[in-house]
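Just so it is clear, A, B and C label the chains in written order, and each chain counts residues from 1 on its own.
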Amino acid sequence: MSKTEFVSPEGFRIDGRRPSEIRTFRCQVGGVSQNADGSAYVEMGCTKALAYVYGPKEARRGAMKTQCGVLTCEVSLAPFSTADRRKRSRYDRQTVELALTIRQAFESSILLELYQRAQIDMFVHILETDGGHKAAAINACNLALIDAGINIRDSLVACSAGYIDGRPIVDMNQAEINAGGVELLLGVFARTRKVSVIEMDSKITPEVFQETYEACIAACRDLYTAMETAVNDTALRLVHSK
Amino acid sequence: MNVSILTPSGPSPLDSSGGISSQQQLVMPGQVIPTHSGYMRGHGTTEENGQLIATVCGLVEQVSALIYVRPLRSRYVGEVGDVIVGRVDEIGNGRWYVEVCSSQRAQLHLAAINLPGSVQRRRTEEDEKEMRRFLAEGDILSTEVQRVQSDGLILLHTRSAKYGKLENGCLVQVPPQLVRRQASHMVNLPCEPPVGVVLGNNGYIWVGLPQRESARDTINYALGEVTYQAVSPPQRQAICRVRNCIAALSAHYLQLTPQSIMDVYSASVRGKLEVSSLTNPEVVRDLIREYIKTKT
Amino acid sequence: MLSQSTLSPAERRFLEDGVRQGFRNDGRGLLDYRPYTVETGILPSTSGSSRVRSFGTDVLCAVKVDMGSPPADKPDEGVVSVNVECSASVAPHGELEGGSSSRATGRVGGGRRDDSGEGWSAYLGALLDDLCLPPCALDKKALCVSPHVYAWHVNVDILLLNAAGGVLDAMSLAMRSALRDTTLPSVSVGSRDEWEEEDTADGVQQSKPPFDVDERPTAGTPFPAQDIPVCVTVGQVCSHYVWDMSSEEESCAEAQVTVAVDRNGRCVAVHKSGMASIDPTGLLQVLKDAGRVGVELIKKLEAAMAKLGTGQPVVRERLGFMAA
């Protein structure tokens, strides 16, 4: 049985992309929910994530902190999101971990000291996964926070990357992830380039890590350009309406 | 019976009658705002390494030395003197906690309202127990912002005859950015028959029977003056039409002023549109397009 | 009640007087429906999907079809199961913790979903199953591939993204349109000699024939969804019957009746909720009107789906959540 080639000698991946090319990024900032203060929808290739932000609003009595606001996050992976349908409980380890990752990432970006006695709730729905659903979730939350007018220091952009056939590849789809190998998730601030989220669970050499890391940072930059254009377009539409 | 099922359409390309002037700058969070020396930092900004950074998506505004970013969408941020329409959420500790669509509930102290019979005296424990007689949980009222504390807490007062409990109408909620400070927030629109509108700066708008003018300044509003009145069918039609017009303007993110509401109202009457047809997004889109054409 | 929003006594009186005059807050008559926006085929990885929106209520439905064994007691039928999940941002009964009430337009802020949220989801799922998938509406025998051996397991997942009145109606529309969008792949089951020995979980050896699935969408058969009913909910407000209620009207309704109606206007199932009792003559009129409304809804739904091009290979680009 011949080994599947994920990066051809000419430098093309199985879906025709170059190793440093991200998938088609589409998003809708605002207008996804009638009730939420902020909402966003993100598509990275076939992966689809929806984020709603409610707040800032009065914090629940038990959760109230005196010096700064409270941020909560709930993630839900729809049963139909994966190829094999799987109904997950609310306390599923994967979703709880992802919710925690997202919460901690945005706690560093939101100026919570401006929201004393208030609470901001984020709700994420992963509707379809084809690899990179964590990155899509983070990107959707970022756009939803911008839509809600919540004060954030900088935009947080996330992307995944791997290393296959001797080359680092970015924004992997499920087939490439299933091949095994590195899976690095990075969440980076757009302006300061500081890293807020970093996740990887593979044994690799420092050189491979360096290459993968740099490729991922470059991919985040590309993603941010796309996100910035979308936010700009939405903002111009609102400004023109006035 | 009216049943319709529509297929979705993309965002409508509205005529760009507004637009950003050359002086205005649209920023995204994390972008650097160019500044001169001696500036003061306002809302929507933060300072990092000597640079002024925007923290919300919005337009940069400058008032003398103060530079701030006005967000395009956000919850209501209180300012002294704003007229607010709120809903009582809870009563306790000698105050009403009023929901105003802000980051915290606003507070209306017992000392900040007028007592029945316009009596001027200290509030007693009896008054505290009787608070529900003035305003109960769920009641809607119009008030004014007295003070905003440093942590953002809004303190309200109703020490004027024009403020108080609202009756004989319904509430519409719109983004707070669409209701700017204007000459009068409590207007009787010249519809046929007239409709009373209270435009809250916090985005809550009350539409109902016209408010009656009152000559005396310190009238007790909670007991006796504001009563239930039967709403006749033509009055109800007018009220519901105004409500739908406000919802139409809000859906297309247009400023709400008595003038703009009346213009859309007149356009809908001219177009012989049924009040219920204004719930159809396609009808609303055409109506707003026509309104914008008449504006330019 | 499916939803509650806090209304002041003044707003209640205004609303109730309006109902008595036959004129609701948004100008609709008592029998008028708010327009629904429906789109199908928005999740390509599923067998069928749809999204139904109506003035705030937002429902997403996805259908996934799997090959499995027929149930032991009905060896010539397939299995269809409905699962409802309410987004954590939709707290049941419009209550938020900490005493903050929801606002007049039924806006439900992000309340933390506790166990009652999951209870509500299970209740809605069971109700939808009873109302919209009774034996007379769905021919489960058409889902059987090979009696005693193979049958389709159809999982219908409904995700309630936002609730602003008329939740059951929107869910039933979403389910019907998603199932109409679903294609059952063409399957060929191997002959008797090709049966393979397979170990089941009990360690007992069982023979199972191999099967071949033709993935091409044009080769499959559409899911038999023509007779699936839609739900029509009516509320009783001050002894008047109000159709397609908003969440403010739902909080004023003393009782609610949901009728499942098929495309011929026949009533398939009825469910009543709420504390008040309903006058029987009034109920008969409600059933008659429900029949008319249901037929109209299904007719308009079929027209909308024809416009979208359901069941065929995707002709136009699906907007999905990118729609306005």
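By our rule, a residue touches a chain if its C-beta (ideal position, glycine included) is under 8 Å from a C-beta of that chain, and two chains touch if they have at least 3 such contacts.
Just so it is clear, the model here is predicted, and its values are computed rather than measured.
Asks: Testing understanding: with touching defined as stated, what is the shape of the graph linking the protein chains, line, ring, star, complete or other?
Replies: complete
Asks: Name whichever of B-C and A-C has more C-beta pairs touching across its two chains.
Replies: Answer to which pair has more contacts is B-C.
Asks: Round to the nearest whole Å and give the separation of the Cα centres of chain B and chain C.
Replies: Centres of chain B and chain C (C-alpha means) sit 36 Å apart.
Asks: Quick check: how many Å separate the C-alpha centres of chain A and chain C?
Replies: 30
Asks: In chain B, which residues are in touch with two or more of the other chains?
Replies: 11, 105
Asks: Could you check chain A for residues that touch two or more other chains and list them?
Replies: Expected reply: 31, 55, 57-58.
Asks: Quick one: which residues in chain C touch 2 or more of the other chains?
Replies: Residues 55, 100, 107, 322, 324 of chain C each touch two or more of the other chains.
Asks: Within their complex, state which residues of chain A touch chain C.
Replies: Residues of chain A touching chain C: 26, 28, 31-36, 41, 46, 48, 50, 52, 54-55, 57-61, 72, 74, 76, 78-80, 83, 85, 87, 90, 121, 123, 125, 127-128, 130.
Asks: For chain A, which residues count as touching chain B in their complex?
Replies: Spelled out, the residues of chain A in touch with chain B are 30-31, 37-38, 55-58, 69, 111, 114-118, 146-155, 189-191, 228, 231-232, 235-242.
Asks: Which part of chain C faces chain B closely enough to touch in the complex?
Replies: 6-11, 13-15, 17-18, 21, 23-29, 31-39, 55, 99-101, 103-105, 107, 173, 289, 292-293, 296-297, 300-301, 303-304, 307-308, 319, 322-324
Asks: Can you tell me which positions in chain B touch chain C when the two form their complex?
Replies: Going through chain B, the ones touching chain C are 1-12, 87, 89-90, 97, 99, 101, 105, 136-140, 165-173, 204, 208, 228, 230-231, 233, 236-237, 240-241, 243-244, 247, 274-276, 278-281.
Asks: Would you mind writing out the residues of chain C in touch with chain A in their complex?
Replies: Its residues touching chain A are 43-46, 49, 55-56, 58, 60, 62-64, 66, 83, 85, 87-89, 96-98, 100, 107-110, 112-113, 118, 155, 157, 159, 161-162, 164, 320-322, 324.
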